[in-house]
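Scrolling down, you'll hit the structures one after another.
Below are two complexes that have chain A in common, paired first with chain B and then with chain C.
What follows is the complex of A and B.
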């Protein structure tokens, strides 16, 4: 017997979670674009999408986050620290690639320095993932050794029922079990079969790519120039990516008073590596594209034993010039044969 | 012969004869509906060029890629009328020498592919002149009319909602052929003129700065709008500014390669409706 959450009970669940003080968040439409946003009722959720336009990352690593307020007077310097907002949250209707993206970034944010802003939010969030029964041509989780029903990074995995009336509930972590205990009476024991997860064809061989990328001879390959000639360096691939995590720290305000903020940054931008001298060690877009691929599929796995990519495909889906990492890795797969 | 085939042949001839060193055109993309910029340097590769109703991106921006035209060789590029206007603006603003550019012109009236005769900007003067007189058929006209009817408060709320989505990826800037500054004002950090944060103020600052910098320069190709990953209707802002500039200064961006930039010129008979 499996626990089943029927769709018509979801609204009561949302109510229950909310009255227990949890913020309920899920995929919603906002001015013609889909994001993860807070909801008051289940009807606001948009659970039929392949994927939201924006990834789950901003719920943990916001695009702009105040860190401290400073005021400098003749006699002293005063700073007030901003702490990350606290409070339990349940994120309902994540996709496996978004949830795994969070798990991929955990070691990064906890490595030499434990990033409170990230971990406080991580520890206070329950991730309820719904296995995918549809995909589009950009999805590629399977190429990254993940799958449409991967449990990585999730606290609960929901499998849609064949009859489309609800989900089988798989509790994966204590945090997940805890959140579902409060709605236990709204779940039903049942044997309704789950729908098959969607088949996502493998697009490249990540291991073969890693080998090629590791070879120092390939660093100066002509390949980088050719594959990235059309890249306009807009950075939207990195901003939409659930695993890209670069940020910049900026003081806003005057010299004597202002706010220090942590803002997203991207290796696709020329300014990212610009020195104060005016010299830019990554002076061409192709060098920047190489960095993006190297970081995700060579340096990051070298350090944290996982690719910095969960295969969501957003980088390709939204690229204004039809680039994204898929094609690059497909070509590298060919080169490494 | 299809226009696509004719243009492939033309590209091949240009490259074989050494008249151009590169052809910038469109190639097949990841999905059947997608087209992507393609850079062809060898006559054997011209069969990869695609030309159909999905070729809407304005490719003129690639012409100002650092170093591309510095050897004084010529480059051929597939351009719609908007792209030809962009080329004129770039020439007028001294960003390139239009003699180095061979235009392979086409248009897509009502989605139907149409060849345009001519190869240098001056060949299209009449066509662009006619464009100035016609009422542009913009996407989202209804929304624009709706916005015009709003009270200032409603309008502010509309844009606040839209700009709140902005993630400051600057895809709009990067995709725009008119945004060629080596260092954009938002990248300047000593001093920092514009907040880099994507909070309400920072987003307003960015989008308003960009709208001003494009007044009288935007050629309405829609590259910015299509590039925006969060679907902010940027075309409406540019359309509005283009209309203001046309009404106030009778200026239609990109009609000739010597056209004076409207915000960098002064005429005694300019109407002085807002500066006293």
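What follows is the complex of A and C.
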């Protein structure tokens, strides 16, 4: 017997979680794009999307986040640190590629110095992932050794029932179990069969790509110029990516008071590595694109034993010039044959 | 931290001496600081900027840093006066492995504004002079005015346990200039220090490093005995913001100190 959550009970669950003090977050439509946003009732959730336009990353690592406020008088500098907002929350209806994206970034934020902004939010969030029964041409989780029902990074995995009336509940972590205890009476035991997860064809061979990238000779290959000639360095691919994590630190305000913030940044931007002397180690767009691919599929795995990509396909789906990681890795797969 | 002293080294180049306000912070610094490490020095409203700690690990009562006024943050730092407060995060990064230098001859080579990181190692060694062999310092700048730490150059010049070779680029000399005229690599080859039992510490702009490495090779130095620091743009200093990477290396965590051999294994186009 499996625990089943029927769709018509979801609203009561949302109510229950909310009255227990949890913020309930899920895929919603906001200002012409779909995002993970807070909801008051289940009816606001848009669970039919293949994937939200914006990734889950911003719930853990906001695009712009205050770190401290400073106020300076003649003799003193006063600072107030902004601690990451606390409070339990449940993210209902994540996709496997988004949940695994978080798990991919955990070691980076925990490496040596532990980033409390990230981990505070990680520790207070329950991630309820719904396995995908549909995909689009950009989905490529399977090429990254993940799948539409991967459990990586999730606390609960829900498998949609065949008749679309609810989900089988798979509890994966204590945090997930705890959150579902409060709705235990709204679940039912049942043997309703789960619908098949969508089949996502493999688009490239990640291992072959890794081998090719590791070969120092290929660093200077003409390939990089050719494949990235169209890139306009807009940075969309990095901002939408659940695993990209580069940031900048900037002061906003004047000499006497203001706020120091952490903002997303992107290795695609021309000034990202510019030295003040004017020397720029990655002065061309092709060098920057190479860095993005190398970082995700060679350097990051070398350090943290996983590709810095979960295959969500957003970088390709939303690129204004139809580039993205898929084509590059497909070409590298061919080169490495 | 409070600015307790400051002075101009050369046009647009200033040294600040900083003292800790909080004794606990000072204790932590004393425990962790080793020569080669860097810090993020800041002015609220302007931001933070990365400089090496220019004072040696043998003198931890204060921090000295020497910077060139070049952008927003450094201009703000240059406006700050004695008694003003500035921020400091650090010390971050790795260090020069001084213990491995014990008993060896030392060759320091620096160009222009890159004397500060070198100076931190030089004084760390001179403050425990008996642990090292012969000490040679080759320092060059574009013009006489651009030489930094002039008072200390004078002091090293007087010492009989230090050989100081000073140079300025052709055309940069003043009428009373008594030292060498020429570029660092050339001057180095003329001075011809022996590579036997010798480690070299080399800091300078990328172009100077490139040519000096060739000269060192000619002189018979092995790349594994040549140390240098990389100065990539940094923001976090903590291995997270993704800015300082050269190939797979996070310069802020695994550097800034590397041997020339390690640098030669990095993708050259990324430096």
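Here is the rule we go by: the second predicted complex is superposed on the first by the 337 of 337 C-alpha atoms of A that agree within 3 Å, B and C clash if a C-alpha of one lies under 4 Å from a C-alpha of the other, contacts with A are read in each partner's own complex, and residues count from 1 in each chain.
Rule of thumb we're sticking to: a residue touches a chain if its C-beta (ideal position, glycine included) is under 8 Å from a C-beta of that chain, and two chains touch if they have at least 3 such contacts.
Since we're looking at a predicted model, the values are computed, not measured.
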| item | value |
| --- | --- |
| Touching partner for A:21 - first (chain B), second (chain C), both, neither | neither |
| Chain B versus chain C as contact partner of A:277, first or second or both or neither | second |
| Partner chain(s) touched by A:302 [first = chain B, second = chain C, both, neither] | second |
| First (chain B), second (chain C), both or neither touched by A:250 | both |
| Chain B versus chain C as contact partner of A:322, first or second or both or neither | first |
| Chain B and chain C footprints on chain A, overlapping residues | 248, 250 |
| Of all residues in chain B, those that touch chain A in their complex | 29-31, 34-39, 57, 61-62, 161-162, 165, 167-171, 173-175, 187, 189, 192, 195-199, 202, 223, 226-227, 229-231, 233 |
| List of chain A residues in touch with chain C within their complex | 70, 72, 76-77, 79, 108-109, 111-113, 115, 216, 219-220, 245-251, 253-256, 258, 260, 265, 267, 272-277, 279, 281-282, 287, 291, 294-295, 298-299, 302-303 |
| Touch list for chain A against partner chain B, complex | 30-33, 35, 53-54, 63-64, 137-138, 229-230, 232-236, 239-240, 248, 250, 252, 261, 263-264, 266, 269-271, 316, 318, 320-324, 326-327 |
| Residues of chain C touching chain A in the complex | 43-48, 70-71, 74, 76, 85, 87, 205-206, 231-233, 235-236, 238-243, 245-248, 253, 267, 269-271 |
